[in-house]
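Following are the structures in question.
You will see two complexes here that share chain A, one where it goes with chain B and one where it goes with chain C.
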Partner chain A sequence: MSLLDVNNLTVKFDTPEGIACPVDNISFTIEENQVVCIVGESGCGKSITARSLLRIVPTPPGRIARGEIKFSSQHGPVDIAQLDSNGETMRSIRGNEIAMIFQEPMTSLNPAYTIGNQISESIILHQKASRREAWKKSIEMLELVGIPSPAQRVHEYPHQFSGGMRQRVMIAIALSCRPALLIADEPTTALDVTVQAQVLDLLSKLRQENRMSVLFITHDLGVVAQIADVILVMYLGKIVEKGTSEDIFFKARHPYTRGLLDAIPSLSATQRKRLVPIEGSVPSSIDLPPGCGFASRCHLATSRCFEETPEMTSVSFTHEASCWNMPARESGDSVRPERNADS
Partner chain B sequence: MENSSNTDDFILRVNNLKKYFPVRRGILQRVINHVRAVDGVSFDIKRRETLSLVGESGSGKSTVGRLLARLDDSTEGSIVFNPGVNDVPGYSVGGSDITHSDPSTTKALRRKIQLIFQDPYSSLNPRMKTAEIIGEPLFVNGIARGRVLYDKVREYMSSVGLREDQMFNYPHEFSGGQRQRIGIARALIIEPELIVADEPVSALDSSVQAQVLNLLQDLQKQYGLSFLFISHDLSVVKHISDRIAVMYLGRIVEIAETDELFTNPKHPYTEALISVAPVPNPNIRGKPVILQGDVPSPIDPPGGCAFHPRCRYAAEKCKTETPELQGENGHQVACHFSEELHLQALEGFHT
Partner chain C sequence: MISYLIRRLALAVPTFIGITIIVFGLMHMAPGNIVDFYMAANSEAIVDAERIRQLEEEIGVNKPIYVQYAKWLGRVLVLDLGVSFETHRAISTELYDRLGATVSLFFFGHIIGWPLSIAIGVLSAMKPNSWIDHLGRSVALIGLSMPAFWIGAMLILVFSVELGMFPSGGSVSSSMSDSSTLGYLLDKGWHLVLPAITVTVRTMAITMRVARAELLEVLRKDYIVTARSKGLTETVVLVKHALRNSLISVITLIALSMGSILSGAIMTETIFSWPGVGRYLVHAVNVRDYPVVMAITLLVSIIVIFSNLLADICYTWLNPRIRYN
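Let's look at the complex of A and B:
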């Protein structure tokens, strides 16, 4: 059985303007020791998906309208979607079996407590450890994430740490209870590239040592290419394509995935070609028109795309996409779908 | 930097530019130290060229941009605009040092040098309509008003890809990419010669980023503009620049033409930057050169070569002597060992 099995998850937000549906009927699984990446632009629902898994979506306005999140916890399988978000079971999973690190290392630490206090908090809470043991463990954790002279720095406050160091502290807190699943929501976006490389390197090292699964959320396809086993491409609350990184980077079938890949300037490009942007911008997720969400920006769209929503269709054993205009069979690597689709 | 070519080819020449920000403390606000944001930077920009400044946060790249546009006064050094031109009719700024220009010269200068900012959400006044925002430079400089101004606004709105019927909308009615287009139209409407673009696409989603990058390149051709492009994103910089200057702690450590920099990096910092830039191709998982530690504080930069505490090639000499930026054929580097090191170039890159 998979570590995490999400089925038909739908999250709705009741807003004054109408009901928004930032996560719309998505399904995916995370296996043990696997790195799953969710890629998408801002507003595609990737962060809400991650937060639903921990039940930290603010309710109201948000609510899980449908679907199940099956998680193989230490105490047997549970459906996180059915749990009370403040109940005992959920609290024993959150921060313990599933941990999360956030984008903003500047704001996710409490400025009024020492680093040691903040790391030991979750150890005391989840591991029934004494204060002294937790403090010792905190020093070990700081050492593990590569902070120099940890015994001394454990007494310091967040403002005495740089951005990269704070993200290391966040990782130390998240890993202190040896979670089975780590959710990383844009953990390196606020960091400089050289520090980003340090953090990614650290994460992959720790993941291998602890046999941990990672759900990694990012908009940066470059980072995805470095770390992902499985990639989920999201657009307007839906997963439009999923596959291994080979599938997504070399055999992408959905026009949005292809568009994203064409739109980014690549370091490895041999000559400077003109970028091919995706025209328009992401529509609002309130009162979406029927049909495929990408239709209004898609150069392959036919009248059917504006009427019927495409289902995820299997392309190969590992690869699925939801588009009406995909070629029926694999026609070779990086060949664009034909433009002469019936309209 | 000395170049044999005619000075007419250059739009801007910057020499030994420095900017120190005072650090004050205590009730008397005594100056106790300085942040050396820019610490001796020299470069020039050719006409119709895109020169990029790359570096991490705190490298001083944005401060250089602000100094060029005279938003900040420099502490030392000179900025010469239009070095080969002595008398441009109507402008007193040709050929002169603009580092400490008087207010009227500065105003004239701003017609020639315009800025595009990073954050399209905070750089537009939310109480002004699009037409007012875009037309304001014309109005302020007394170039046009009334119908002429609106005609001009319409012309520039269409050239940046905005619809005319959006003229009287407010900024909040636009998406991030569209707002950046408004910022670009506002910068271009008084026909500047040099655009300082400070991270113009960093706040945009990748699909929209491509639209704005293409637009900038088209406009550069159409209006014959020179660009100083400031960014931390190497793949964007590689795409758009003719030449690249790599900055570290207020200094340029390497400057070269784009392809030369990527195929033949000579500074260990450039090597590290190139190797850690994420490439969207799972088959290129190169050997990243992971630098230890963070960028040191520019208040108290390390002695000698400022990069030596993080450099894997650092020797004794690097701790004491500051290397000068030097080199031939437009490829200059500030490293004692640039000739001896064989640095790793961009993986999978062939010319």
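Let's look at the complex of A and C:
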């Protein structure tokens, strides 16, 4: 059985303007020790998907309307979608078996408590450790994530740390209980490029050491190319394409994925090629018209695309996409993401 | 921190002097002095002009104002509040007799009112648009819309005149002098209910609204999501992670409203014939008992300045980013 098995997950938000559906009937699995990346632009439902897995989407307005989230917990399989979001079972999974790090390291730590207090809080809660043991463990965790002189810094407050250091602290908190799955919600977006690389390296290293699965959410395809085993491309609450790095980067079938790849600047490009933007903007997810969500921005759209919603269809054993007019794509003309080309 | 406190206390000295000069000046601008009030009160007494001059000389009200002020300040600097013009007793003794009543009013009003209003604010913020939220906000709106003297008068009208549940004034029943200690205390508590409500309703309303708004703001912060994602219970998230960060505004509000709280006490004590410092101040102003007015002014300004200092110290505990160096 997979570590996490999401089937037909649908999340709805009741807003004054109507019912929005930021996550619409998505399915994916995460195997043990696997890195799954969700890629997509702002508002496509990546973060809501991630937060639904931990049941930290505020209710109301958010609710899981349909679907299951099967998780192989230490205490046997559970369906997270059915759990009480504040119940004991959910709380024992949250922060313990599934941990999460966030986009904004500057605001994700509580300014009123020391770093040590905030790391040991999880350890005391989930591992029934004493305050003293948890504090010792906190220092070890800080050392593990590469913070210099951890024994002193553990007494300091978040404002005494830089952004990159705070993200390391967040990683230390998330990993303190050795979770089976780490959800990383754009953990490098708010960081400088050099710091991004350091944090990514740290995450990959810790992942291998701990044999941990990672659900990595980002809009940075360069990052994805570096770490992903499986890539899910999301658009308007739906997964439009799913495949391995090679499937997505070299054999992309969905026009949206191809659009994303064409919009990546390349340092190594020999001819002066203009970047191709995806025209238009994401429509509101309230009262969506029928048909494919991407149809209004798609240069391949036909009348069928505005009437019927395409299902996920298998392209190869590892590769699926949902489009009525899937163009064939030769592997030769693909756009290589920059970071991949450099390394 | 210590040097900061010393600096703040040193800065308080000019503030004290400024306040006393203003109050002293205002008092003397009001027409008449205590001798005139004696004369008016005892109109049948025949006192010749020579005797009046003699009396004014005795208490020093015929001197130029700066001389009077300098004399008063000189006494205060050696911690002597002086003697009441009216009763010729030491003002410290007069205040001591009345301070207990005011302190008990403050205690039963605000020391209960503040935590209670913060608690209601927290409950409202936890469940916005629930019945407790609506109830709290409606009561707050009513409390804010009515001045203290009106609330006091209405409470007397409804609960003492119409329903006869509580006394309309005073701090103890006259029949209680020979009763047991417990009976005496119960009687005191019974007298306290209406004045305590009157003195605290407005402050409670504002505190509640600020606590609610501030907590709602903090609950939207990223670190609250982090706290929830750790698997903490809602209570821990709320009390440990949210409440402490939202208290700064509440503390600021309480410290800043200290002045209006004390003036509210004056109003309440007058309405309920409460034998406290506030009512004594009103009486002293009426009979132009200058030293008493000045002594109470000094007391109030000390309380206001110290409560603001206390708030500054609280900030460093609530938010470690605030350090005074």
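Rule of thumb we're sticking to: the second predicted complex is superposed on the first by the 326 of 343 C-alpha atoms of A that agree within 3 Å, B and C clash if a C-alpha of one lies under 4 Å from a C-alpha of the other, contacts with A are read in each partner's own complex, and residues count from 1 in each chain.
The working rule: a residue touches a chain if its C-beta (ideal position, glycine included) is under 8 Å from a C-beta of that chain, and two chains touch if they have at least 3 such contacts.
Being a predicted model, the structure only gives us computed values, none of them experimental.
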Will chain C clash with chain B on chain A after the two structures are superposed, or do they fit?
fit
Given the touch rule stated above, what does A:230 touch, chain B (first), chain C (second), both, or neither?
neither
Looking at A:249 after the superposition, I want to know if it touches chain B, chain C, both of them or none. Which is it: first, second, both, neither?
first
Considering only touches as defined above, state whether A:214 meets chain B (first), chain C (second), both or neither.
neither
Does chain B (first) or chain C (second) touch A:125, or do both, or does neither?
second
Partner chain in contact with A:292 - chain B first, chain C second, else both or neither
neither
Considering only touches as defined above, state whether A:111 meets chain B (first), chain C (second), both or neither.
second
Could you let me know whether more residues of chain A are touched by chain B or by chain C?
B
Inter-chain angle, chain B to chain C through the CA centre of chain A, in degrees rounded to a multiple of 10:
80
Touch check for A:175: first (chain B), second (chain C), both, or neither?
neither
Would you sort A:93 into first (chain B), second (chain C), both or neither based on which partner it touches?
second
Measuring by CA atoms in the overlay, how small does the chain B-chain C distance get, in Å?
8
Intersection of the chain A residues that touch chain B with those that touch chain C:
none
Touching residues of chain B toward chain A in the complex: what are they?
56-57, 175-178, 205-211, 213-214, 217, 232, 234-236, 238-240, 262, 272-274, 276-282, 284-285, 288, 290-292, 294-295, 346-351
Flag every residue of chain A that touches chain B in the complex, lowest number first.
41-42, 162-165, 192-198, 201, 219-226, 228, 245-246, 249, 259-270, 272, 274-279, 281-282
Any idea which chain A residues touch chain C in the complex?
54, 56, 86, 90-96, 99-100, 102, 104, 107-114, 121-122, 125-126, 157, 159, 170, 173
Please name which positions on chain C make contact with chain A in the complex.
221-223, 225-234, 240-241, 244-245, 318-321
